[in-house]
Each structure stands twice: as C-alpha cells, then as structure tokens.
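First chain A sits with chain B, and in the next complex the same chain sits with chain C.
Our next item is the complex of A and B:
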C-alpha cells in the first residue's frame, strides 16, 4: 500500500469516528442539576436518587401546562469531598443551570456548601444528614428537605429505652456521619437514663471486626448501636452472629436500604433502623411516586432517599415555574417555602434552609422487609427481640 | 565544533506543530459538552496518535523535543497560557487546568523518587495531604504570608516524610513499598481521629492572598471579567515551570547520574563509592518537598481539606500517572496527568459507567505500551549528542 493510500485510510477512519457531532436544538430549555454518588460503595443510594430526580423532571415535562422544558444535568461526586468540590464548581459555574438537588454523603455536602454560596447557586440537599450542612453557616443558597441526625437519634434512644434496654455498646465509623451519630445518640440515650458500656470507632472500609466484637461480647450489652452505612453494617451484623453475640442490632438511616437485607438474608431479622420522613409507601404521595417510578422501569430501586430526591427536585421545578429561571429569584422563592405539600409530607424551611417538619420513622426488619415498628409483630409482642421483656 | 552541533540538531518545526495541534485539541476537548462530541474527540485522539506513530511523525516530534527542549519549553508555557486565556471566564475549566498543573508538580516529585533513585513511594497523596493540611491550619490560625505557607507545607511534608527514612533505608523493593502504604493508612486514620484538624469532617482553607491581592475574587482586565482561578493558574504555572526546570537539571547533573546508578544497581553503585543512604534520603525528601508544596497550593485552590481526599487510592492514581506517562520522563508526566485528570471528568456524561471505561483505557494502554506513553530516552550527556 502506498503512503498516500495509507494516509487517506487513516484520515477517513478518523473522520468517521469524530463525525457524530450532535446538532444544536432550537427549543427553549431550562437546566436543573443533580449531584450524588453514582460510583463507589454507596452508589445504590446515589443511583436511586438520580432516578427519582429524573422522574420528577420527566413527569414535569409530561405536563401540558409547564412554561419551560427541563433538562436534568447529572454529576457524580463519588462520595469524595475533593471530587465533590470539583463537580459542584462545574455545576455552579455553569450559568445555564438554575438550581440543583445535591449530595447523599455528608462529607461531600459539607465540603461544597461554600462553593454554592460563592456562586449564588440554590441547592436542596436530598440525603446528607449532618446538622452542620445547614447550621454551620447561614447560607441563603443551601436548603435541605430531609431531617438531620439529631432527630433520628432522639427517636432511636426513646424507642430503645421504652422497650426496656439499659446497656448499649456503640460502634460507629470514623467519618463525620458515624461520629455525629455516636455523639447525638450517646447524648440522647444518657438523658433517658441509659448507659453506654463501650464506644468503638472503626474505619469506613474495615473488613474484620473480631477485635471490637470480642470486647463487646465481654461487656455483654443488650443492644449494639451502629452508626454507619450499609456495607460495614452487613459485615458487623454477620460477624456478631459468628461470635454468638445475641444483642439487638440497632442501626441508623445509613442501613435503610434493600442492599442491607440482601446482604444478610435471614440474619437481618430484628434489626432496628430509623429514618426521617414517613416510609415511602405511607407518604401522602408515596403511592403516586412508587407507581410512576415503576412505570419508568429504572434499573435500580429508589432506595431510602429517592422520595426526598424527588421532593427536592419537585420543589426546585415549582419555584422555577413560579418565578422563572433566575437563581436569585429562586433563592428568594425557596426562602418562602412554608407548609408546602410534597410527597414526603409538608415542607417548611427555617431561616437556615432546614426543613423543620422532621417525622422520624422507626423500622424493624421483619421477614426480609423494613417494617414500621408500630405495625410490626415486635411491637404487639407477637415476636420478641433478643432480651425484650 | 559548534557549527557541526548546530547542523546535527533536529528541526524545531515538528515540535511546534505538535504543540499547536495539541493545544487546539485540548481547547476543543475542554470546551466540548455534548456526549457524542466528547467520545468522538477522544476516539479521534487515539486514532490520530496511532496514525502519527504509524507514519513516523511521532519520532520527528520526539527528536525535535529532545534537541530543542528549551525553546519548546517556552512554547509549551505559551500554549498553556493560550488555553487559560481562552477559558478566562470559565471557572470550572480553569479549576480542572490548575488541578492538572498541581498534580504534575506532585508527580514530578514522585518521579524523582520512583524514576531516578528507584525509591518506591506509595504515599504520594499523603504527602500531598500534609501540604494541604498545613495550609489549612496556618491560614486558619496564623497570619503567615501565603507564599511562605507553600514553602512550609513542602518542608513539613519532607519533615514528616523523614520519619519514614529509617524503614525505607532498611527495606528494599516490595517491603519498602509496604512501609509507605502503611504510612498512608496511618496518616488517614490519624487525620480522622484528630479533632483539632477537623476530624473526618475536614477543614476549610482560606483562599490565597498576596500583598492584599485576594486570589478568591474575580477581577477585570480592561472590561473583561476574569475568573478568580486565573490567579491560581499563574501561581501554579510558575510553580510547575520552576519544578520542571529543577527536575530536568537534576536529571542531567551528576546528581542525576548518581541517582540513576543507584536505581540500576545498588551494590555496583556502592562499590564505586556512592553513598547509597545519602542519595536515597536526598531523593525521598526532595520528592516529598515538591509534593508538599503542590498539596499546600491545591488545598487553597480547593478551599477544603478532608482525610478522604488523601487516601491510598489517590496515591495509586498518582503512581498510575507516573506509569502511564513513562517513568522518568517529565514530558510524559504532563501528558499523562492531562489524561488521568481530564478524561474521567469529561466522561461524566456516561455517569456510572465512566470509571469502568476509564479503567479499560488505562489497562489497554498498559497492555499495549507497558513502558508508558513517552518512555524515558537514553541519557543524553550533552545537547545534540545522540546514542
């Protein structure tokens, strides 16, 4: 083959590969954003949140009366603060994006609030529970539809002592999520007269908990409180079983996911967990949400915070419909949100942008499902948790 | 004599053309937003580079770079400035660009350790983190001038790194690597349990300001509004240029020769009277110093430090930049850093599959070009000399 022929073949193939350049559209569009962990250990929650936000946008676009056509821009924060700052900058600096529902991981949310403030970019946090995200500074741009971990742990401590447990050992991961949970739970439980017999910090990627659990076994607590996310929760619960520890496994919102039950099978039975908001099925718009979600045939379930993501996105779209695609006006509009109906119940933002109507749902795993405590056979006394009187 | 040398020099043109083309390509890639366009551009680059290689053009370029490095270096700085000027009001692209520059500085530091002295260091991100935490602590609690903070960040990284000297000197190969991996894990846990340093939640870092010029405010030249990241671009570019020249000079000097001898055969080197410990220490500390400076500046750019930013996985990313670029070749590092930092970001459009695709690309590269994109050429004892 001659040199010229070779050259032309190469260029032809290069053109072929480079050719599919999308053509510009003439339609008027408004962009809204979503940020969550789409890859990594907690990606199940991120994908569920993404799908739910996507659903909110799709349903809105399907409405005949909407003023704008919305387009969802999705970015992945990998649950890492440095990546989160990068993607937050990308989204906030893009003037076409008006507002966004952002972050499942507390570490990423707390790292990025300054970025949003700097760019004047209105966001609604849809999953992160660290109180500091809304309460460390008073940023008009930052809002949150879900409750904080303070409410969660008050409800948790109350239930535990109501059942009659007095001695609790705490295992928490050493991220801000786990540390915060430890702090607020220990406070709440001590107030109710309970005793924390031991506190153990573990790293979020630890595999083996024999050392901690052997010590806990010697302390003989009635309950092991766990502040952390599903992956290590599954490991700790199964290693408890191996070591013959009979204590009740008492988790936080971090383990409310289908992955927890899938990972443990029958061992999950009797685990406690707490989450803000009513369970999705019981929400005012829960049925509507679940039906529409199923109709879209997404690959992943909405997970625990899907409904919040949907509500956050819906709130953003409502505001844009009302005041137009202008960041400053959207911020003003969001500040006025009071007693607003949403699929997670009424939403009222306080002066820090925090939703104050925080309903906490108590869960217990019964027959491979997270069942609301009050409806469960454990509450009626039909079944008993280990050590329950 | 000098005339003969002049004649033997490769022409400047191929290098300049290559630089101009890659600058244009970089601008196109950074500006591209549409999924199809980005994937098309990436595929185009692969095809184009393969084609150039096939036609022997890459060879011309590399010869031109080898002989006219100083001139082309200045052109490269100009090219970077052109890219920055093109995106003067685009915060995100400039942030990405600054990230690339600072990661290059850090991997240049790693290059001294891995590439020249053969000292393994799998804790690059940890030393980067020490620098970043230094700037967080100093800018929060003290009024130390910020340029000095950068220096202190570097020195602290070197100082804390010197804790590792004894185990690094007494172990070899895999075992030395294990020592640094252990250090990376230890440091992360230390940062997480240490509440003064913000614990797992991390700390905010104030933006840089020099003589009252605040780096975190947008500014205007004429009537055109500039992104505040342009400030950081200038400082990072200066830092990178300085580091690059330093590393290049170091490589060519007798110190570089000693380090090479050390890497290739420790026993032979010591038979020739080289002080093994001395040169290992020099390389390790100097490398960590550079990584620390880059980290300190990066802390200010990002505005936030948290232990999760500096995990073992991040160290591996630095090492993979080194492997991808070709160990020991600073130019290769520049190219590799662009690939490793920019490509995953550009692939955001395919969401959860992007890391998978990125991993595939890296594996393919290592499979078909295990010596890296731009392998280190044979040592040149004086310009124009050819092996």
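Our next item is the complex of A and C:
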C-alpha cells in the first residue's frame, strides 16, 4: 500500500470517527437561568414554574433546527428578599448565563431588579404581580410576561360591588406584595362606593388569626378581602369557620393554586380569586402546553403561573436564537417584542418591559375547583355566596 | 367592649396559651435535668403532627372510620413515636456532648431541627404545601352573642390542662418524679444515691417529646391545618415563654405560655397600632421582662449561680 493510500485511509477513518462528534460539537452550549421559590410555603408554585421553564428548554433542545444547546441553571429564592438578592447576584455575575426567567414572589422580584440592572442581565419576571417591579424604575433589563395587581384588583372590586357587597374587611400580609394588594384594592373599591371597615396587616408566616378575625367578626363585614399567598390564606379561611364568620372569602392571584383547595377541602367552596391572563386550558397554547407538560411526568403540576414561566423562557430562547448568546443584544431584542405569539397569547412589552395584557380571569371555587366566575353556578344564581342576593 | 366579644378573645388567648405552655414545659424539663436548651423541640412537634396525620390517612384507607378509634390511634402512635425520637436524640446527640460546652448542644439541636423540618418537607408527599388536618372532635357550638363557644375547643383546653396536671403529679407524687427532680437538683448526689442517671434523662426526653406530639395534634385539631414550618415559630415562642417564666420551673412555663398568648392578643386588640406589630409588642415586653428578672418570673428553688 502506498504511503498516500495509507494516509488517506487514516484520514477517512478519522473523518468517520470524528463525524458524529463533530455534529454534537457543532452546537455551542448556552446557559439560561430560572429563579423561583423552590422551598418554603409557596414552593408548589415555584416548582411548577421551574418545570415549565425546564419544559421550554427541553422542547427547544429537541428541535433539530436550534442553533445552540441550552442548559437551564436553577436557583431557589425561597420567596425571601434577602435570599433572592444573593441568588440573583450569583446568577447575574455568572457571565455564561445569558438571560433568565425570574421570581414568583413580588417581595423577591422587587428586591432584585437593581441587581439585574447593575449587571446588565436581561430577565423576564414570570409570576410576581407588584406594579413597581417594572414601573418603579425604567430598567431595560427587566421585563414581565404576566400582568400587574392593579388590573386584578380593579376586576375584584368591580365584581364584588356588582354582586351587591358594600362592607369589606381587609387582611393583607405585610410584604410589598400584600401591601400593594391592599392599596390597589382599597382604592378601587372606594371608587365604586364600597366601604373598607377595617384593615389588618399580618406577618407572612403567622399561624393564629383568631384575634384579628374576632375583631373582624365584631365589624360584621360581608366580605373578607385577603391580599397574600396560599399558606396563610388557608389558615385564615379555616379559622373564619372556627369563629363562625359567614363572610365571603375574597382572595387574589396569590391563592390560585391547587394547594389552596387541597389545604381546605370543602371549606374552599365559594372563595373568590382573580388572576391576570386566561386560565391555562383556555390559553391559545394551553392544550399544547398541558400535553407536553404531562408527557414529561414531572412530580408537581404547573400551577397557575407555569404557562407564564414557559412563555418567559420561550421568549428568552427565541431572542438568543435570533441574536446570539449576548446579553446586550438580547436586551435590545426583547425591547422589540410587539404582538409576539406565545402560549399565553400575544405579548407586547411597553417601554418599561411590561406586557400589556389586561385580560383578568375571575375565579370562584366550586366543587373543589377554581371555576371561571362567568361559567359558575354562582354567576347564574343557582348557588349563592353567603349574603349574595 | 361587648362581653361576648371579650369572652371570645379570652377563649382565643387560652387556646393559644395552652399550646405555648405544652411546648414551654418541654423546654423547661430538658433544661431542668441536663441544663441544656434543645432547639429541635418545635420541630419534634411538627414531626409528631405529621405522624398523626399519616396514621389517620393510613387507618382511613385501611377502612377504619370510627372517630374515637382514629383519634386514639393518632394519639398513641404519635406520642410513642415522638417519645422514641426524643430518647434517640437524647442518647445519640445530647448525652455524648455532656462534657462539651452547652453551646454545642444548642447548635447541634438547632441543626437537627432544620433537618427534621426539611425531611418533612421533602419526604412527606407534597410536604411543602399546607396539609388539611381532620376535625375529629365534636364541632357543636353555642352562640352567646358574639361569643362562639365550640365544644372541640373546650375539650382541647381541658385535655391540655389534664396533661399538665398529670405531668405535675408525675413529677411530685411518683418515684420517677422524685428521681427526675433529684437529677435536676444535683446530678452527682443523685447518682450516689443510686439514681440511674441515663435512664432518668432518657425518660425525661421521652416525656417532653411526647408532650410536643400532644401539642402538635392539638394544634392540628385546632387549626385543621398543619405545615412543615409550624414548629419553628412555636419553638421560638415556647422557648421565650419558658425563659420569661423561669427555665426549670413547670409553673414558670405555664405562666410564660399564657402570658405570651395574652400579650399577643392584647397586641392585636387593645393597642392603637396595626395588628402586624403584635409580635413586635409581645417580644418587646418579653425583652423588658427578661431585663427586669433575668432568671425568670418564677425562679428555680435552688439557684445554680451561687
């Protein structure tokens, strides 16, 4: 065998062996991040969001045409602002991570926006609803796919005054989240001629509410508005029952979770809640999302904000595909998001990075499920809330 | 103020105080025999409550539907399991550290508490979510104006009182109680008098932990909801209650528990500022009390600081 022939055989075999390696290496690895509450009282929502973001990355990687191979870096903010600042700094300081879908809790999201701005790290908030997160400062890095609590509280006040309720007692947790809800709801309700008979701030890990509720009992409101998250929502609703309080329990997006119904059983019946966007199953991509989510056999359900987390991650991946794994370019690209189709409907970021969806879904718990108010037997008058005429 | 409303506040405060007391008594027992602070006490309470819930679910799925039987089984299983857990903690974590500084015991039990809490969260199915706890006591209630007296609350209050009276009798009227008191007063002398020191310590930890399980079940029956973090807060308050009452004194723990509940209720009801500050108020008063009486309101009969 001539030397040339031998060489060409070696070359050819090298090519042959190298070929599959070469295609696998053709895609650069790109890291993207997710932050949410994976431990603690609201971890059900955090885990649902994490799984949904993970799903977006998996589906993208499975696609033959993607330019990069994505890897999801997940960090836990525990729904605590101090922890959130640490993990946000850790993620933003890692130059390999291009962008992230971050935060379910408003208290953590508002605490971290400055960090993201300082590091020039593009993020999309996937669940927190405090208006200030996008509107307090004008940071190009900060975006949000879900709506704010202003819209949901307007809808809330409107519904209960339409039903005919005039006197409301407010309980809210004393985080930015709960205080925000109290402020926007009280404003909206007063505008419609309603009366707030008492306002009670409670800590986010309080166990006993009998003292507050006894005071409320004396005030005799028709409705108890609750601005806070599921764990204490469950406690307040069940302690209302213990004290024989018959008022309607009127919650916010913070209690829209399977854990609320699981925690209360039949007592959850007739509780009201409001959330931005349409219910997952009614979203344009809801069926697609639910089917793919189920196929992955995650341990936890996506919960109320899973679809938003998926949409946020998908937007990030779209942007990286288009402009490459470069933070500055991704920020520029996200600024141009107008009328973009996503599984939560069209997304348009305004100049503060806020998605301008204003659709609010009204829920009432009926037979152990969050049912849309308009489809419920309470709206038709077949069932009645306590005190409903 | 309306009398019915006042009665309601008193009832709320009593229930709260009873639960704090049961936790505080545990702290005081452990401090009495070994002069240590066992910070995992609150989390033992959580594990006890979850054990009871698991027993309930297990028996229900096995077809048991008699309410008294279920309640009895929950009590027996949770109390025995926690007594065993308490003994294990004493034998393998606390006793080996006898000669080390007290700070080490405090630290190791603090960490054990975190481990217990996280174990519940991670290994109990969907443990991160609040869990509904069955209402097994009769829920009949009498409405007297604004006062809603529920039979289950009255029963729980009585049961808690009985537990404390029982403990008091055990400590003061039995040979075992005598041994526990002897060890609490002077370990060396008790040993020379033939008291089995190890056995007394283990039994004391078993009793304290059994009381925690009892308080955990009571907490579940009262709120109809338990969660993996409930013991942390109860532990802190129980500890504070034991301190203001005077660590090492059962009466001190009782006084401290009810005092703390009263402070929280007053903080919510009678003070002009928002109810969010009730814990700030209660703990501020506790700080003031400790500054005034550093060894507690009821001092140990024999002070160690001679």
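Convention: the second predicted complex is superposed on the first by the 362 of 389 C-alpha atoms of A that agree within 3 Å, B and C clash if a C-alpha of one lies under 4 Å from a C-alpha of the other, contacts with A are read in each partner's own complex, and residues count from 1 in each chain.
The rule is simple: contacts are C-beta pairs under 8 Å (C-beta built on N, C-alpha and C of every residue); 3 or more make two chains touch, one makes a residue touch a chain.
None of these values were measured; they are calculated from a predicted model.
In the superposed model, A:75 makes contact with chain B only, not with chain C.
Chain A has more of its residues touched by B than by the other of chain B and chain C. In the superposition on chain A, contact is made by A:207 with chain C only, not with chain B. In the superposition on chain A, A:43 contacts both chain B and chain C.
Shared-chain residue A:242: touches chain C; no touch with chain B.
By the touch criterion defined above, A:217 reaches chain C but does not reach chain B. In the superposition on chain A, A:174 makes contact with both chain B and chain C. Contacts of A:98 after superposition on the shared chain: neither chain B nor chain C is touched.
When both complexes are aligned on chain A by C-alpha atoms, chain A residues 39, 43, 47, 174, 201, 203 touch chain B in the first and chain C in the second. Those residues of chain B that touch chain A in the complex are listed here as 34-37, 40-41, 43-44, 47-48, 51, 54-55, 90-92, 95-96, 99, 188-189, 192-193, 199-202, 204, 216, 302-304, 306, 308-309, 345, 348, 351-352, 354-355. Partner chain C is touched in their complex by these residues of chain A: 39-41, 43-44, 47, 174, 199-203, 205, 207-208, 210-212, 214-215, 217-218, 230-231, 234-235, 238-239, 242-244, 259, 262-265, 300. Listed in rising order, the residues of chain C touching chain A in the complex are 2, 5, 8-9, 12-13, 15-16, 118, 121, 126, 128-132, 141, 143, 146, 148, 150, 153, 222-225, 227, 229-230, 233-234, 264-265, 268-269, 274-276, 278-279. Residues of chain A touching chain B in their complex: 3, 6-7, 10-11, 13-14, 17-22, 38-39, 43, 47, 50, 74-76, 80-82, 85-87, 89-90, 93-94, 106-107, 110-112, 114-115, 118-119, 130, 132, 174-176, 178-179, 201, 203.
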